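There are two complexes below, and they share chain A, which is joined by chain B in the first and by chain C in the second.
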Partner chain A sequence: MDPFNAIVIAVFLPFILAWTLPVLYSVFKQRIGWISALIAFTCFVLNAQVIPYTMAGTPVKGSFNWLPAAGLSLDFYGDGMAVLLALIVSGVGVIIMSYSNGYMSTKEDLPRYYQWLLLFMGAMLGIAYTDNTIQMFIFWELTSITSFMLIGYWRERPESVYGATKAFLITAGGGLLMFAGFLMLRVVTGTYGISEVAQSSELLSTLHGSPLYVAVLVLIFLGAASKSAQGPFYIWLPNAMEAPTPVSAFLHSATMVKAGVYLVARMHPILSGTPEWLIFVSGTGMITMVMAGFMAFRQTDIKAILAYSTISQLAYLMTMYGYSTAEHPGLGFAAATFHLLNHSTFKATLFLVAGIVAHEATTRDIRKLGGLRKEMPKTFIVAVIAAASMAGVPPLNGFLSKEMFYETSLEIGELVSETYGGPWAFVFPAVAVAGGVFTLMYSIKLVDGIFLGHRTHDHDVPHHVHDAPWVMLAPAVFLVGLIIFFGLYPKFPIEVLIWPAYSGLVPDAEHLHVALWHGVTTPLLMTIATFAIGIVLYKFYDSIAAWQNSFNAKLPWISVNYWYDAIVNNAKPIAHKFAAITQPGPIGVYVKMTLLFMIFLIFWPVYKFSIGLGIGVGDLLPAGINYNAQPYEIVLYSLMILAALGAALLPRYLPAVISLSELGFLVSLLYIYLKAPDLAMTQVCVETLSTIIFILVLMKIPQKFKEPMPAGKVMVNLLISGVVSFGVLAVMLNANMGVLAPFETFNYYFMEKALAMTGGLNVVNVIVVDFRGYDTIGEISVLSLAALGVYSLILSRAKKVKGGKE
Partner chain B sequence: MNNFFLELTIALLFGIGTFLVLRRDMMKVIIGFGIISHAINLYIVGGGVFSEGTLVPILEHEQALEGLNQGLIYNDNLTAGILGPITTNPYTEFVDPLVQALVLTAIVIGLATTAFVLTLCYRVNEEYGTIDVQELRRLRE
Partner chain C sequence: MASTTVITQTIAKICLMIDMLYSIDLLLIGGNRPGGGFIGGVLCAAGIGLIYVAYGLDDIKKIWNPDWHMWFGYGLLFASITAWSPLSAGHKYFRSAFDFIPVEIGGMHLFELELVSSMFFDLGVYFVVVGGLLFIATKLGTDKGPEGEHE
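== the complex of A and B ==
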């Protein structure tokens, strides 16, 4: 198949087939999970078709018209990095969906579960292959939405809802920041295309020289960091563990959290190569790596330990991508990409083990578990191998990428200390070793806490625990096979996946040689040191955890969660207070506020303008005012004002209404003087009708209350009215200063066309009926809606009376 | 519009209407809205007089034919979606028909809203026994 078609089908197939699941469910019932796994497998095969092209160094590229008016198209770009992520997503997808067949109870709402899994997978594949920032943002937020639905899958549990909301607020909020960064990138480079910018040295030098560069970098990195739970944004990931375990394995260890890392890799050619890149990306990564590894100690839930370890491992990736700069690509990029693949294998396995243990032993609390190795021998072996790979024990794949990590930290340390001086040559490797030590310690704790030691006799754990059924075990065993295979034959993944990804995004990259045995090198010594320190410190594991607990109890505000809760929980009361201030009460206040604001809007520019031109307020009156008027005009105007005053001042309703209708008829008289006979006729009809309605209503409203009008209030209202009056007069006097060119009236268009196009001689009628016919339909609808409203308002009363409520 | 006294009248109507809208009595508020809507309509129609026309925009047949015979000043082609550019107005003797057409709609919709608001007022009085806006707010809380 044409590789471009394969990419497009792989992205859209999950979206399309997800909607057929409810139908398929009625046929296949519980076997629906296998159907979803089959869909994921199809995507995997489609993705694999692109590998030959990426290995040959010819990325697949193509686009569709999408929103041509906005200059947007759907761009797809399949290079090595994209294929690597797509293979991880679809491959882990197959494993997770198969595993779910054993994990999910048949009583669950299975179509909904698999539907969201598939939609999520499609969105992730979209992120992998997208080549345009707008499209990237859309798929990015789609993953946030689908993960929100999946974390909150058990809707009735408040913890699930809390975790889902938290994840959504943080990741989708970060996505919005990223979007702002993308827009700035577009402002600087003039294009939405990602590979277009990455491959144009001209655009890149423009970007790096631009004052917006740091803003672009920070905003995009904030998006990536929130998605990958880096820095202070890590808090959503532990709460996301409320999701079903296969979902955690899929989203929160293997795929979605990688999206941020993937974005950093994708942006690497565009943004890297500056001190800012090193500081933000690897600085955040290093701090997160050590902090999260350390905080993992006080967790007691297996999945929470895994969550913190995921945060820490993702920080490894961030750090390594940060180390790698455009001028000195070094090994960082390749090491990070290799670790990305390895992390997906061992962390997904560990999550699957956690699911098995929770499923069989009915608890995930590590204090209640222990000594399960005899009862669950197969699970035990799987867990040991995965944990050893995470800890970096040879000859597993985790060892290889950790060696590369140590090597890059040595490299970058030397580079930085050569450029800037200082103890950096020592600091970078030391931080790396610290991260490794913590990883080793919680890896040991996982195996030790669950499988070693003696059985605790907790009443939550059943007496007889046995190994998982093959449906759940087989996926884990398969992943362990990969761990060992990648460890023993690193040439295969490196040549097929890592090298194409590396060389596609880092030009002039040196070819990679990864082998188990390099001889005695500094990284190997660092590994040995890591093991030695880790094993010694492991004795103090529990006391460190106890110290952390007491520390947190003493200083609760030190935790980011404390601030998150403070902000989110107080949002509603603060909104109430805000509303109480801005919406205090009677309508009169709003009207006064609006009017005062409008007065300000009119007078402030006039004032500023007149100052600028050296005009006094008295000069606001234009020169050529026409004071000429016929005597009958003056009489008409006086009568109108008298009528309006009567409507305003007469205390009883009936005289006031009569006065108002008198004003209406005078207005229609004025229309005749203004050469508007159609208006005059309409006005007479309408005025008659509305007077009748007024009087009908007046019959039902007795004038029971006399409004008290204290002098102060009258003064304020008179002042406002006077200012409104004066404002209107000033605007109208200046309205005839001259017709500006762009605002020339086009009435003569209608004059010219009326007879020719419609055969009508009355131009006003022709406009209303022919030229603006749709407007008139709208007007009639307004009339009918008002009539319906009146009818139902009156009827609602009648029903209540019949119901006997009053 | 270059007629000072008409402008003054409209401005005063605006002021009186505003004064009424600020009252607490719901009936008075509705009357105020009525006055303001008259003022707005007059304002717009008055704007149409600035072309200094003296004739009502109803064509005599001869005039229209004469216009046709003079040759169209608009070379528009509706099937192709092309409208001719705006050129200088040869019809200076007519009052602007466009503002009249706009106001015609406004008058009719004004009737609809007046009727609706009045019915609302009537129902409010029935439900709460008062049409004092402040009193209503107090009752609702």
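== the complex of A and C ==
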């Protein structure tokens, strides 16, 4: 298949097929999980079609017209990096959707679950292949929205809602900052294209010389950091663990959180190579890496430990992508990309294990678990291998990329200290080792807490725990196979995936040589040191966790969550106060405000233009009004006045309403005299119907007298309505006399064209359904919305009444 | 529900027949004479609303209880499809067309049937109006407010 078509189909297939799931559900029932897995597999195969092209160094490129008027097109660009992410997304997608068949109860709302998973996958593939910042932003926010829906999948649980809201506020907010960065990039370079900027040395030097460079870098990086849970934005990821575990494995470890890292990689050729890049990207990464690794200690929920571990591991990636100097722009790029692939394999496996344990042992609390190795031997082996890979034990793939991390940390340390002096040659490797030590410690804790030691006899854990069913185990075993395979034969992933990605985005890429054994080198010594320190410190794991707990209890404001909650919780009362001022409640106030504003609109221009002309109020009415009226008109007008007075003055509701509709019918009679049958007919019908609705409402209201109004209020109301009436009268009379209408009417246009263009003789209706069809479709939409609005108002009132009684 | 007299009920029944026929007539002749989807829809809604009032909402619901919200949903969908459909023939959004088809029986020319594409749009409007108005009316009518519960 043509690789460009393959890319486009891979991106849009999930979007299109997601909507068929509810229909398919009625046929296939709970088997739609396998159908979604099949869709994901199709995407995987389509993505794999592009590999030969990226290996040959010829990225696939193409675009569609989208909004030509705005200079926007849909651009797709399949280079090594894009294919790598797309393969991870669709590959893990297949695994997760297969695994969900065992995890999700068949009683769940499965179409909704798989629908959002597929939409998410499509959005991620969109991010991978986009070559246009606007398009990137759209897919980016689509992943935020789908993630929101998936975290909040169990929407009746308040924790899920809290987690979903938090994740959405932070990632979508970060996305807006990123969008601002993209717009600035456009201002500087004059294009939305990503590869266009990256491949033009002229545009790049303009950008790097621009005063906006730092702003572009910071804004785009803030978007990436919020998505990848870096820096203070990490707080959403632990709460996002309220999602079903397969979702956590898919979105919050293997794919969505990688979007931020991917953006950094994508922007690497554009923005890297400056001290600012090193400071922001690597600096944030290093701090997050150490802090998140450390904070993992006090977590007791398996998924929470994994969440902090994910934050820390993503920080590894950020740190490595940040390793960049003007001479060596892509120093850590290859290592980071390799670790990105490896992290997806071992972290997804660990999440699957967490799901299996929670499913079989009914709890995820590490204090209640323990000693499960005998009852769940297969799961135990899988978990040990994945945790060992995360900790960097040879010969697994995690070891290889961690070695590369140590190696590049040494290199960047030397380069920085050569340029700026200082202890940097020591700091970079030391921080890297610290991150490695923490990773090792919580990896041991995971295995230790779940599988080793003795069974705790907690009543939450069933007496006898079974090993996982094959549906849930097979995906994990497959991933473990990849962990070992990539560890033993790194040549394969390096040549097929990593090298194309690396050489595609770093201009003078050095050849990669990855092997298990390099001889005794400094990185190897650092690894040995990591293991030694980690195992020694592991003895103090629980006391460190206890110290963290007491520290947090003493200083609650030190946590970012404290500030998040303070802001979000205070926003609500402030909004309430604002609403209380602008929307106080009684309809009378709104009507008064509307009428006062109408008075302003009518009289302000008159006042403005009549200054100095000596025009008085009396001159507002045009001269020469014809006061002669036919006798029937006089009768009609008197009746109308009577009816209006009745509506205003009658003391009971029903007579007042009848009086009001009487006025309406009289108006329609007037329309007939004025030869407007359309209007008259509509008026009659609408009046009938509104009377019916009024009576329906009145049946519910006690038939007592209207409450009397205080005299002052009556006077104010009279004054306002009097001025409005006079103003409307003046406008109508003037319009009729041609004073305020300097424009020629264009009804002749409709008169002439109606028959020829639409075949209709009734010009009024032809205008409604043909010439002004846009208006009509808007109006019927409004009508539908109004109906729904009325319904929800009634519902909310009914709820309030119920709630008040309880 | 307040009980109504037999006279009201009988008149409402007869009215409904005339009302529905007239409503459909208004919808169909809208292109050439006073009428159209909106007015036809309002008339239809008024006729059915009258029946609701005459016989009581709850009693009518036992016999016939359509989902009025589906009516305006489908009406909106239908109108949108009509608006979009010219694109499939390469025309612009909302482009309309019409044709006169001579109706003959045995070679004798009877009359010309006029087919107008905007008629379908008007049909969508009709359903939105009927569905929307009756949705509101029935919801208001069935609302069990605090007073309603005391009765």
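In this text, the second predicted complex is superposed on the first by the 570 of 806 C-alpha atoms of A that agree within 3 Å, B and C clash if a C-alpha of one lies under 4 Å from a C-alpha of the other, contacts with A are read in each partner's own complex, and residues count from 1 in each chain.
Here is the rule we use: a contact is a pair of C-beta atoms (placed from the backbone, for glycine too) under 8 Å apart; a residue touches a chain by one contact, two chains touch by 3 or more.
Owing to the predicted nature of the structure, the values given are computational and were not obtained by experimental measurement.
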**Message:** Tell me the contact category for A:Y653 with respect to chain B and chain C: first, second, both or neither.
**Reply:** first
- Query: With the two structures laid over each other on chain A, which partner does A:E633 touch: chain B (first), chain C (second), both, or neither?
  - Reply: first
Exercise for the section: Mind working out whether A:V790 is in touch with chain B, chain C, both or neither, as first, second, both or neither? Expected result: both
Looking at A:S543 after the superposition, I want to know if it touches chain B, chain C, both of them or none. Which is it: first, second, both, neither? neither
Comparing chain B and chain C in the superposed model, the one touching more of chain A is B
Given the touch rule stated above, what does A:P677 touch, chain B (first), chain C (second), both, or neither? both
Exercise. Identify the partner contact of A:S781: answer first if only chain B is touched, second if only chain C is, both if each is, neither if none is.
Key: second
_A:E752 in the overlay: touching chain B, chain C, both, or neither? Say first, second, both or neither._
first
Is A:I695 contacted by the first partner chain B, the second partner chain C, both or neither? second
What is the contact status of A:T58 with respect to chain B (first) and chain C (second): first, second, both, or neither? neither
So the chain A residues that chain B and chain C both touch are 677-678, 682, 686, 689, 693, 697, 700-701, 761-762, 764, 768, 776, 783, 786-787, 790, 794, 797
In the complex, chain A touches chain C at residues 677-678, 681-682, 685-686, 688-689, 692-693, 695-697, 699-702, 758-762, 764-766, 768-770, 773-774, 776-777, 780-781, 783-784, 786-788, 790-791, 794, 797-798, 801
Residue positions on chain B within touch of chain A in the complex are 1-25, 27-28, 31-32, 34-35, 38-39, 41-43, 45-51, 53-61, 64-65, 67-68, 72-74, 86, 89-91, 94-98, 100-101, 103-105, 107-116, 118-123, 125-126, 129-135, 137
Contacts from chain A onto chain B in the complex sit at residues 585-588, 591-592, 595, 624-627, 629, 633-634, 637, 640-641, 644-645, 647-648, 653, 656-657, 660, 663-664, 667, 670-671, 674-679, 682-683, 686, 689-690, 693-694, 697-698, 700-701, 704-705, 707, 717-718, 720-722, 724-726, 728-729, 732-733, 735-736, 739, 744-756, 761-764, 767-768, 772, 775-776, 779, 782-783, 785-787, 789-790, 793-794, 796-797
Note: in the complex, chain C contacts chain A through residues 1-2, 26, 29-39, 42-43, 45-46, 49-50, 52-53, 69, 72-73, 75-76, 79-80, 83, 94, 96, 98-100, 114, 116, 118-119, 121-122, 124-125, 128-129, 131-133, 135-137, 139-141, 143-148
